[in-house]
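Across the two complexes that follow, chain A remains constant while its partner is chain B and subsequently chain C.
And now, the complex of A and B:
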């Protein structure tokens, strides 16, 4: 979601609603002998308008549940959700006369502020994170496929290591289904002719540093392989130490580690991009439910 | 007056032979063996290899195969001079011969290599030639290795003198000399009937029998060459060839109700019905997804369901009354069943081009069929008798339905079709062979019967592919209705058979049927305009990196602006909801700049997916969207052909008539190809409509990326 020209009509509409509401509220607040109250006619009108705006904003969730219904484009609903939802805050404040009198209204006001704040935060994240993800994760995949891709990377790395070093004795097996274990990999014939010493060094590096990193990247955040510049330095050093016959394998290893880092980055950004919804959505439902209770209680009693 | 017999001495033996006998034959008749390579008993001797040299006491040695014996002649076949000369000749031939050659490898009986071994020649003293004279693998039955050819001409004499086919000849001089087929055509494209005479005449591995994987069929009873030669359709086929390909034809008997072949299966054989009748059919069609509601009212709910052709006609569908299959009959769309009888051949496309079986064939009565492999079918199709019979069958039984399956010809009267019956020609083309060339005079109109034809135009910038035409497709009308010159080149993509209607018959048809004339003219104008538009777009589009990604071929791309996309997958869910739960897009694919080209049908201008569909169920609708018809048999050919992975096979559970228990149905899972249909029933595709972040767009790549590239150039 970018704040572009297409938002303009909605910004104008929201601003107009706010101006009109303010124009009504100021004389109403000044002229009311008891000050602005939610129970007054104008206060009630503000309440109804604010609740209606909140309901409209909340309907976005329902709209998303029926994507093929031709009831307006989802992006139109999204813009309405953003701007009308935002306008709901001052309207509700006008309704309450900037007071939080009872416990319920106090809770409602806190919820409203939280929902609006989390929504604004989410909108900002949605404007910022996709751009970062696009730049930082060129090898991006479908989020749900990340574990599968990781298993494939481990399998590929095992095969490369086995082809270069022979049997990977003692390699811890990957816990994810679909990945070949070291035992399977050991069956692969050695495809590179190098000295036993070089092979041993590469095996050592693979088993002690790279494989643990690939197996559990989250537990190895301090590994030099988790950081691109450090990893580049480490591989450069390995290239200096190892014969040219192994440089292709090292290049492939480096590329696998890079992809793993990108997957980790993607997973993290994805979580950040969507985690705010865990606050925003349940609190929105709670807000709507309590607002309905508040309306019934206020009108009946 | 020549005496009736003459006497001469050969290697010290006094012999007497009939006058006119050659020295070679005189020796042979008296049990004296003279080695020879270019000479065979059943061919006129030519004396080109000179290996049969003998010493008759003259100034030079003489070739015994062409030298007539003379009264009192003293012949030596084993003198030191003769032996030395023969050895040198064989050594020279061996220096230019790949050893072991294909024949030596196959059967160890290359005459040259046997002779060389007998002469004790292991490594020739002379240098080998640097460059190869090449191979010709275009024939299905015979492999040609020009490097192994010793220019003995035995094959040429076999073809001309024995078989009277007059296909083989000589070409070139010196090191470039070699055998040639017709006017230097590849053997497979020539008029060679693959009788095998050249192959059995060849003393080396220059012409060898091609062995195919699984040459022998392991079902039915192997049909012996004797049995086959007794069948009228095999008359004229070389017995040697049948002997060499023993096991490639089997006789199979089917009881009523038994399945001969099933739709969608891959195979490599064709069937020829000898006796009995069989029913050819396509199983229950899977309906296409029909999305309803919404379009009429803003707040009405959309629902998607599988709709059959009978209840929901798509555009153009009402005109299309038959389903093209790999048999001499097309199937009616409403009831896709037809009957085949004696002397019908089916499964040609499967056999020749390895396409999946297009229909299920089931015996109706006791049925005897010949099942044959590609090498045999190829020979049969070159055989005049067989071709004649197949053409006759086509003219009498299939021409009518074939012509009428093409919407523009639906108006033709039975009388005119009768007129065409004896006029049309069935022509065969091998893969890559040009049927008509751009710029040539337009002299015919063509209708595709078997295989796929590529239509392309040559421009200064290169070749532009205009279309792929399958069975029911036609071409040649633009040239005939226009200036009389071909505007495009049409070439066979695989083994193609076309029906040729000569220009005069085409004109007669235009005169007699103004409606057909008008329809064809409209088609021709439409095609010309489409080609012009395409060319204009090609010329105006900057050639940048993205062209290499095949994006230029797309007509419509689903792109996701990655800076807007929050990876919420609303597009994928919307697509699945709009298509009966099966998504037709995957949010992954190529990236260009900040855009992701999602894995979803691109509606290519060059739709490779359409090539090879055995039942023509994938087609383009209104020149844009590619759709898959209900009668898709689920073979997966289109999914394999799509270079971008945008067609997927999905399982659907359907109730089918059980072919093994007629009258009963059973639920089976049947695959059907699915691809993006652009949700054309609606203003906007569902994926785009459902994106809350304005990230998903369907775009014309030329315009979209053209602007983008122009902007980046400006920067």
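And now, the complex of A and C:
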């Protein structure tokens, strides 16, 4: 999400709502015999307005669930969600007269602050991380495909290694379930005429260092292959030791490792980009549920 | 040797088309939490509701006097027969309290809860914000025409001058007293020593303790401005049953009495032959005292009956002395008359106003009519202001020569300290004024049974007084 010119109408709308609310609140707070209270007419009006804004913000989830609804683009709803949801906080503070009071209202206020804070944090992440992803992960794929592509990468690497070194005896069987056989089409199919010593060295490198890294990259974060400069140095060293006939294979290995690193990076950035929703969304629903109870109880008493 | 390549076709072939059918861990957790958290929140409310605990729903702790009813919502929140609402009605308040009307001619009577807001914690329910008062006093109108109070008062900064100071008001007191003279240096004090009087030598709160430097033992009543008799307390060290009683007892200055403040300097001598003074009492009692003294004197001094009358010396024409012999009664009557002449014309009238009436040989003392509370519509505590010297507020006292001078401090004096700023003393209306006219308060019979009060909040049933409606109507009237 970009903080661009398209945000302006929503910013203006939110600012106008805030200005009007403040203009109403100040004389109301000064002139109220017992100070601003949620149960007074103006306090109730603030409460209803704040609750309506919260419900509007919550409708973004419904809008995303049913994309075929012709009620505006999801991006437009997101902008409204962001700015009108944000302005719900001062409106609710006006409703409460900047007090927490009882247990339920205290819980509601804590939930509101947490939801708004997590939302603001998420909005900042949404503005920052996609750009970083574009720069750092040019081979970005669909997040859900990462495990599938990793399996393909392992199979591809196995075939490249087999072609270059012969049979990979003792190689642990890598999980390649669901791997697309077409993916292996890029691998070499014909062996290379090199000395047995060179093959042995390449096989040893592959089986001892590269394959474990491809199998479980998370468990090999300290591996030189997990770090781009170290990996480049390592492959440069291998090229010096290997005959030129194997340099192409090494280049492919290097490319596969780079892709694996990018997939790891993408998975990490994706988790950062979406993990805040585990706080924001469930707490929003809890906030709406408790706010509804609060509204009923407050109107009753 | 063929190498790996990344053509669009190959990349497209790498995609697993059914990926969206597999659960996404973040989405799955988001869904689980989105269901679990609201359910847990509602479950929490349901559990506390079933257990009879209303605390989560409360908008905050109730005030200390109502803390006993904190969990018994229905004690104040009475079910509305028409809607589902349970508002706090005036009847609920009037089940325990009276709420006397403010002014009979007021046009608007606010509900109890509009001023006494509950659920604000341990606050004073009687502490009002100024807007509670200014909703009427900003532009005062009455049902009976023009108000007798100032029409517009918005804050203490705009408070009008106190009524006794703004309407050329005169002190109604009848004791002739000159503050200016009594506050001079080197006054002739008891035993001929020179003294300088301090304010608290004569003015002390009603329950002041300690000895009076210029007083005599004994308690004497004094007539107040409203005609009531005031007897200063005799206890050397007063005992207060409560802090409220102490505040009340030490609030206002007691009227000075002769016995406490004048006795040592102003002896009521009546005859050079006697060192004693007449009692500071009614003329009838003084008359009886004098007759008794002279009767006793002449009984022990019979020679006093044969006296030689010495006429006034006239240089031009000397008159020879005339010897007289009087009976005992004649002598006592003459001596009493002479002494009373001195007392009524000089000694007593030095301070008191005396009136004579036909058919009564003795004069009547005009009641002193000393004012204790100059501002009866407000409350002031001298005790709360004891850190301030008397003269700093009563600034005109050193130059006051007449009894009719009103030496009340101006409201401007109060406004120097009491103002709407953080470093100032409080300046709210309720600091000095009360809304309800407590002189109209009626005693309410109890409405609750002790076992009912001790029931749990779930079983508690409110007790609405049968006469509540009529009481509210009376308040509104």
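Keep this in mind: the second predicted complex is superposed on the first by the 287 of 301 C-alpha atoms of A that agree within 3 Å, B and C clash if a C-alpha of one lies under 4 Å from a C-alpha of the other, contacts with A are read in each partner's own complex, and residues count from 1 in each chain.
We adopt the following convention: a residue touches a chain if its C-beta (ideal position, glycine included) is under 8 Å from a C-beta of that chain, and two chains touch if they have at least 3 such contacts.
All values reported here derive from a predicted model rather than from experimental measurement.
When both complexes are overlaid on chain A, the residue A:64 reaches chain B alone and has no touch with chain C. In the superposition on chain A, A:74 makes contact with chain B only, not with chain C. In the superposed pair of complexes, A:255 makes contact with chain C only, with no contact to chain B. Partner contacting the larger number of chain A residues, of chain B and chain C: C. Contact with both chain B and chain C is seen for A:142 once the two complexes are overlaid on the shared chain.
In the superposition on chain A, A:282 makes contact with chain C only, not with chain B. In the superposed model, A:290 lies in contact with chain C only, and not with chain B.
After overlaying the two complexes on the shared chain, residue contacts for A:201 are found with neither chain B nor chain C. Of the two partner chains, neither chain B nor chain C is touched by A:223. By the touch criterion stated above, A:160 is placed in contact with chain C alone, chain B being left untouched.
Common to the chain B and chain C contact sets on chain A are residues 141-143, 274.
Of all residues in chain C, only 1-5, 10, 13-16, 19-20, 22, 24, 26, 29-30, 33-38, 40-42, 45, 55-60, 73, 77, 84-87, 110, 114-115, 117, 119-120, 128-129, 131-132, 135 touch chain A in the complex they form.
Residues 30-35, 37-39, 99, 101-105, 107, 141-145, 148-149, 152, 156, 160, 163, 178, 180, 182-183, 185-190, 192, 248, 251-252, 255-256, 271, 274-275, 277-278, 281-283, 285-286, 288-290, 293, 297-301 of chain A touch chain C in their complex. Across the interface of their complex, chain B is touched by residues 1-2, 6, 60, 64, 66-75, 77-78, 126, 129-131, 133-134, 138, 141-143, 270, 273-274 of chain A. Chain B makes touch with chain A in their complex at residues 291, 293-295, 298-302, 304, 562-568, 570, 573-574, 577-578, 586-588, 591, 594, 682, 684, 686, 689-694.
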